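The first chain written gets the first letter, and so on, giving A, B, C, D, E and F; residue counts start at 1 in each chain.
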């Protein structure tokens, strides 16, 4: 593996990114054909955050956060740091100092397939993080990795510049070149769901709204009293 | 396996159900002889909810939420949807649309041995859910299962109409025909505990209140300085 | 194994203990050379608690909380109950009655490598607990264990009287005889970090502050456009 | 919970049971409509065993193997001990002494949702066990449970007298009253699979044998070069 | 997600592939810079198999093995089926019928991030499989996925035609275009290790062979008696 | 943490150690009062090995096997390398080269709370290893740890020179100064068990041999027909 840091990456349109943040993780995931979700062990450190941004990708090694410092300098306002690991690890690779640096650069949040620490401070700063663990376990700065190369994070391939959408439901990746199309489909979906929501709220049965009764019977479903 | 949906189920007395909600999960579990708990991986999506209701049971397949739509129509006010899976799964089978439908029908909450999504919306609606995961991963509607048959959920057998008691400590099942007796014993327990609580708050030692000193010595416990 | 309860243990200086609480888990862990952390599966039952105290150690058996009652009587104000198990277990060994007793004796919190219950009550009381699970599953009082002997808790050896520092990042153990030195190093670290924090907040790059550019190049890191 | 041991249980026909053993776990599971499997964490202690027998069910508590001794006496030749636990546990509840007793009574094997020990001896005796763990951790005989009541074992409800089919693929439960029908369907399936196997071995494509090409196209599958 | 099956893929040189099989997983992983390993939960169904082949990649959905039938037809002698899943799943997606088909087409083995069944038969056939679980749980053929697109399998990105090297130590992926270079480096490594092995077998200390004594002292290591 | 390697450690009597190996893990664990077991996730890489030896303890960091080289030189014939980690890790820290070195020095085996690789070679050499994972993932030699200090390994405290007993049932630690007494009690237990085994083999009920009938009745056990 060559250790490289790519300085310049293409990013999606800022308006599209913000539009995707508004639609939310579940809607975007559905709109792009049920793809792009990180595994559900990735949890937010506090509830309520809902963001989207361009992925600055990091490949790091267990117990070593050197590459997060390298990546930080390459971030632009609106980016999200997204860290994949070369092997399973829960060390706390990111804390309030790195968050201070991230905030100063306009970074919107962190998605890391490892641990995070200083979560009380990060919560007070309202700097959102999705991680596989909370752990105070410290790290060294000894083994180089990569920045802005394709990485696997929590089971999902992420390319630098892909759009990261993250909220209480988890994290979804939208490939950069599909972002505009995903937003369009997401907006359509949001509009349709609003209509369905009103019918359901009025007490109409989902089986009727979705025309499921015939299919159920065809599948052999029997009602008994 | 035949795919059936049972329309009519027997339910416990509404007053008894509300009484059990007041006693809480731990007390009810103890009162009925330390039985009926779902495994502790079942966690609430937000803290503070405390409910009880009659189980409308669902047997669903991984990645398929068809049966939840079937079950919804069979729910009555005061019911709790309780979903067992035919194999381990974390897909997000329930979200804000189904919750809207559930609320319209007076369903009090959801207990599901799989994933849930739209948790920010569900929290805003204060619609409580206990699940094994939060995941935006979508589902299909392709394979029929069953509604209102006995199911295993998080390691516990649940019959339709059993009383589900759920709170921050997890979920406990009270067999329908034992509900009144369980409430009676729970109330007794609550009263006794109140007395003990006051003695403990006053600084009295548990070893004295519970008469444990002699038993400890008999078991070979030695005190050293 | 002999079943003993040691009545008198040495404790660290109260001012040192409170100083360590102020520094927090991550700082103390770093200051004492990246040691002493319990595994990250140990989580607080509510966010925001940050405490330190002297460990009253308990060795308990799965499903049996007898020794917690024995230990309670041996606690002094400022202590923290720390419970190791002889085998993996998630039963809810501690609830609101034991917490009432603990509060009456000035115990600051509980760290338990098993389950806890009545977490809504404990949260209302603001009695902090770090545990591996929340579970209403009850316990018996049948098999004696030990109090105030060295125990392994969540992968870490703890001696009675060691200082327990616990917060949102997890739990860190400071050996009693090293507590003063650990506080000194922690305070130095806090002061240094404050300076770094201000430089980072002003937008200076971590790579410059930590003089990493030369080391990166030496390690073979290449920048590409 | 009342602590009872039921002495007399109904069993399936011996010839049917042996027929199910010949068909194997996967075939029987499919033949009865894809139901009845224990979770895949249940693994055999050595490869190659393939048995079926009538379930003598046990409900035991963590760290306590008392009920296994009670159940042993109620076993008849051809039975399989099947043990569910009241909470997750990995203690080694069964070893070479209990296996010696089991062998003397004609018991064919053990299925236990906990640990087992003396596995070198059990392998030498060729006494097959399916368990969730191998552990030397010992047990007490202090808390009564039940024998020959319905139990949940590894996520599956088992009634006393149900047929247990176990092999390298895991464990499948056939409800006693459905055993003859399940054997019939299993035998049909075995015969059909033999024909398919020969066609596949001759190089014919599964897509042709199963007539899948049209359905694939209808589902939107596209072939690209 | 579009559902496509790519018929023609580029493969590495057959001699290179067989050379990599001879070097083994650990050597190849080291030789290509410590990359390419699947997570260690991927285990062989029997010990002793050691193979390499070209990846025919499959993206499948939980509980659905339809795409394995599609992929089978596109395999050539020397290939290895490699299956990634859209969400965590342990269903037994592959058994003796599919293995019979695979054998007839010269497929060397299967790597699947889900379950496998009929493992006794597969062992008798000596058809090697690396999987995350053994489970008899059956599957449907309802939702299309993809064949021969890039997939993530057990945390690793795999492109169609990449070389899969698998043995008792797990599974390693060599990007197709790097296969020749990886073999060259692997062979060098094997030769060097043979020399080291002989020195170690003769009792020489690793600290001397690897010249570690000075570095240890520089790192602050102290020897005490 | 100071980084030290202690050259000279006290060891138990060689005859006692071999005697403990003969008794086996489960018997020794019981004989010393049900203590000393490592967690059951520690599994042997091949079945059938049964050894005992003096612990040369290692504290290593995730992804770093430097200390294993340091420890190797301090081993004497009859020793067992026992490695604890500062944080959870599954990297393959030990392979056939280290095993060659270990064999040359008379080391009897390895117990490591991390991963191991080259397991096919180690099996061919019959060099036994108990580990938490098999993984080819390589390691660096960058961060010093300790040799021959007390370590926590798989949840158990181990002092240098303690006796490690390991077999198919797992790993048990006997404190050095208690080794002779533990052997004595183990031998007594083996003799007693032989008598019980013969009675059980003759068909006598365990309930009679252990005089359990009265206690069962006292505990409220009821027999039903």
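Following the convention adopted for this analysis, a residue touches a chain if its C-beta (ideal position, glycine included) is under 8 Å from a C-beta of that chain, and two chains touch if they have at least 3 such contacts.
These numbers were taken from a predicted model, which means no experiment stands behind them.
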* Structure fact -> Overlap of the subunit A and subunit D neighbour lists contains B, C, E, F
* Asked: At the subunit D/subunit E interface, shared numbers over all numbers used: above half (same) or below half (different)?
  -> different
* Asked: Given the pairs C-F, B-D or D-E, which one repeats the contacts seen at D-F for over half of the pairs?
  -> D-E
* Asked: Taking each chain's centre as its mean C-alpha position, how far apart are subunit C and subunit D in Å?
  -> 43
* Which integer distance in Å separates the CA centroid of subunit C from that of subunit E? -> 41
* Asked: Measuring from the mean C-alpha position of subunit E to the mean C-alpha position of subunit F, what distance in angstrom results?
  -> 31
* Residues of subunit A touching at least two other chains -> 2, 34, 37, 86-88, 90, 135, 137, 143
* Asked: Pairwise, which chains touch?
  -> A-B, A-C, A-E, A-F, B-C, B-D, B-E, C-D, C-F, D-E, D-F, E-F
* Flag every residue of subunit E that touches subunit F in the complex, lowest number first. => 24-26, 29-30, 34, 37, 40, 43, 47-48, 50, 167-170, 172, 193, 196-197, 200-203, 205-207, 210, 212, 215-216, 219-225
* Asked: In the complex formed with subunit E, which residues of subunit A make contact?
  -> 1-2, 32-35, 37, 39, 86-88, 150, 152, 155-157
* What residues on subunit E touch subunit B, complex-wise? -> 61-63, 86-91, 135, 137, 140, 142-143
* **Touching residues on subunit D, where the partner in the complex is subunit F** => 2-8, 46, 66, 69-70, 72-73, 90, 92, 95-98, 100-101, 103-105, 115, 117-120, 123, 133-138, 141, 143-144
